[in-house]
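Take a look at the structures listed below.
The same subunit A turns up in both complexes below, where it pairs with subunit B and then with subunit C.
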Partner chain A sequence: MSRPQLLQLAIPLVQTYGFTRAALSHSVFRLPKPHSEQLSDSAVTALFGEGNDARKTLIDAWLEDARQHMRASPSPTIKAILTQRLKQNEPVLQFLPEAFALLASPTNGLPPLDPLPALKHAGSVADEACHIVGEHNIGLAWYSRRATLGAVYAAAELHQLNSPSTVYDFLESLLDSSGKVESALQDAGTFAGYIGRSWAGIIKSRGPF
Partner chain B sequence: MFASNIARRACRTNRPFRHCRFNHNQPTPNQNQESSRATHFGFQTVPEEQKESLVKNVFDSVASSYDLMNDAMSLGIHRLWKDELVSLLKPGARGPQKCIDVAGGTGDIALRILDHARERYADRETAVDVVDINGEMLREGFKRFKKTMYHNTPQIAFQEANAQALPTERFPDNTYDLYTIAFGIRNCTSIPDVLKEAHRVLKPGGTFACLEFSRVNNPLLSTVYDQYSFSIIPLLGTILAGDRASYQYLVESIRNFPPQPEFAQMIVDAGFTTGGMFEGKGGAWRDLTFGVAAIHTGVKV
Partner chain C sequence: MATAHPPTSNPSSVYLDPDKCGDPAVTTTPPNLPQHQRHALDSALRVDQAGELAANYIYMGQMAVLGRDPVTGPLIQDMWDQEKKHLAVMNKLQDQHRIRPTVLWEVARVAGFGLGAVTALMGKEAAMACTEAVETVIGEHYDDQLKEMEGLPASHPSVPVLKSVIEEFRDDELGHLDIAVENHSQRAPAHALLSTVVGAGCKVAIELCKRI
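Entry: the complex of A and B
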């Protein structure tokens, strides 16, 4: 029995116990040969880390598991995949704000808040979605596509934390408007390119001055 | 000089002189089958059977000044290391625990475990069995415990036994919640056997913790550390304990111990579940003082 396997067993327990060390220590009750008592504190520390580090390990494992479940979406479109991912949040919705706060809180005092885990989370969901759909982007488009999808997903998830019932419509409206924003940005980029080249031509034709 | 000191001390045991030749015309007895399995004793190679008695002799001679020498060699930091080990394990946090401290002759870890359980959690039912192969070290531990409130209580017991083969009547299977071994495992002849015995006596869900000297990975610090180890420590042994060779052995045995990832793999091979194969939080080990010492943990699942 290895550590990743124990984490897999602990994930369904999050609905009952939340993202806590209790969920980790009760995971041994779901072994093929269950233990008679839950894991001791020192065992949880030895396997997953001290104090809140164990909870962060569990949260990371849960997020990874939710990303795996994105593949089970009914149709391979971005909208369906992101909807599937938002559905994963529903059983544990009340524990999620604390989980994200824990990810953002620093281990040693400074910096006061760490934005990286949130960006990594949105980025990896967007990356997984693009991979499942099979999009081929090259160059800067790779980054801009993932950035837009990450921003869309993050906004939808925040909306879900406050008002879970309207989130799927909100996601749809966001995806439509982001499509419009992307094409508008592309047009603006092309137009700026034309202007730039015209100016370059004018300056060259003025000759040495 | 080192080898002859050890040989002289080894001859104190009551072994027959069957390997001596009294006449140069006599053929030498066949020594090949005995030295076929060799192990390291510091930087010397010795037959496996001899290592146990050689280590016994080392610890017989250092027993009375063991604590003083630890303070001098590590500049008192060994106390911080042992405190870190016990505060990591938090004995007594969820009720009384049965603990076994192996190679813990002088009782440092056992005392810290009992004090932690008593002071933090008001737990007076946690019990520690101190096991050591060396009777002299156990006597020192017993003497130290006489000065504490745990003497003559069921919380502490001393037993002379070999960590590689704990007697099954005294140490049945699946008995203990916590197994600790601090600065002892490198002196054992066969580390996998010690780990197997640890796995046997621990309950399912029990924790294994090993505090041991380890490799310093930073090259600059490791040079400084080597200089300190090979020059100053044997010198301190001569001055404070009158025994350079034993402390030379101690320093050499540290260099021969496997590095952190290898030892973590040996723990996994013995059947334990550990953290990830990296150092630090949630990892199979954590370095103390840049890797001079390391705590390896595992859980019997």
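Entry: the complex of A and C
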């Protein structure tokens, strides 16, 4: 019985108990040799941290597990992979707003809100999606691609928290518009390149001043 | 005059061989690495990729000025071709080990080109002195990385490949260092000052790229 093993066993219990210390303490019932009693509060604290730290550990483990499940998507396209990830949210949808709020609240009270966990979450989903599809980006395109996909996924997830039935259409429309924005930016860049080269030609042909 | 032609089959060729593109040694990363090792691998490969990128652009800058020189031109072109190969392998390593590339990507390109062009404008010997300084720092850096990589789990197929690729690149860079010295880098004007400045700049760049 190890900490990672118990964490893995607690993940399916989130549907029933939410992202709570209860889910962690009931994980011992799912061991190959189940315990007769759930873990005591002090045992949960010793293994996973005290108070909300234990809940944050469980949330991180659940998010990591959901990222692993992205690979089970039926087709290796960005849309299918992000859809697959959104589907992972469905069984625990009512617990997610509190989970995200927990991640955003700092352990010490200052600063008031910590945006980094949310950015890391969206960024890692985007990174996993790019990796599964096999996209090869170098340089700053690596960052811009993940920023775009992270923003699309974050918007879709927020939409899902409010209106779960329309989220897949929303995701599709977001991916379409982000694709249009990317190609518009690329066209603008090409056009700017042409203008720049024309000016360079004009300046060269004017000869020495 | 020594040239920079390596033997035909070397460790990095597995990354450039289309037949081997499904091999786990080139497509998978060791799973369940401890956090500190994963972080160390991430920053090490990030620095290496940035270094190869900068080296490419340094040689490009030097070629822009000295490309037409009958002696130095082909020499720089040879070394540049090897660096292009190094960069291609580094890009594959980036995908394989899920490395975050440096934010200073564009800075590395511009600064590399600028350094190459400026030192080439100072003369052939200055260009060779720049190469000597950069390759010295890079060669030592790869050596330090090889020592750190001793801790990686040798059971995963990608680890011996990674170590042999880094060894090969270290030897290539030291080969470039030898070529630079043989081609009179030591005769460059203010050689000591130039080497110190370029070497210090490289060390600062390495520390920055490790972090961002």
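Criterion: the second predicted complex is superposed on the first by the 189 of 209 C-alpha atoms of A that agree within 3 Å, B and C clash if a C-alpha of one lies under 4 Å from a C-alpha of the other, contacts with A are read in each partner's own complex, and residues count from 1 in each chain.
Everything below uses one rule, namely that a contact is a pair of C-beta atoms (placed from the backbone, for glycine too) under 8 Å apart; a residue touches a chain by one contact, two chains touch by 3 or more.
Just so you know, these numbers come straight off a predicted model, no measurement behind them.
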item	value
Which of subunit B and subunit C A:H131 touches, first, second, both or neither	second
Which of subunit B and subunit C A:E37 touches, first, second, both or neither	first
Partner chain(s) touched by A:T45 [first = subunit B, second = subunit C, both, neither]	first
Touching partner for A:G139 - first (subunit B), second (subunit C), both, neither	second
A:V28 touches, of subunit B and subunit C: first, second, both or neither?	first
Partner with the higher number of touched subunit A residues, subunit C or subunit B	B
Partner chain in contact with A:L6 - subunit B first, subunit C second, else both or neither	first
Touched partner set for A:R197, first subunit B, second subunit C, both or neither	neither
Which of subunit B and subunit C A:R71 touches, first, second, both or neither	neither
Residues of subunit A contacting subunit B in one complex and subunit C in the other	none
Subunit C to subunit A touching residues, read off their complex	91, 94-95, 98, 100-101, 103, 105-106
List of subunit A residues in touch with subunit B within their complex	1-3, 6, 28, 31, 35-43, 45-50, 53-54, 57
Of all residues in subunit A, those that touch subunit C in their complex	127, 131, 136, 138-140, 142-143
Interfacial residue positions of subunit B with respect to subunit A in the complex	88-91, 93-94, 97, 177-178, 204-209, 273-276, 281-282, 297-299, 301
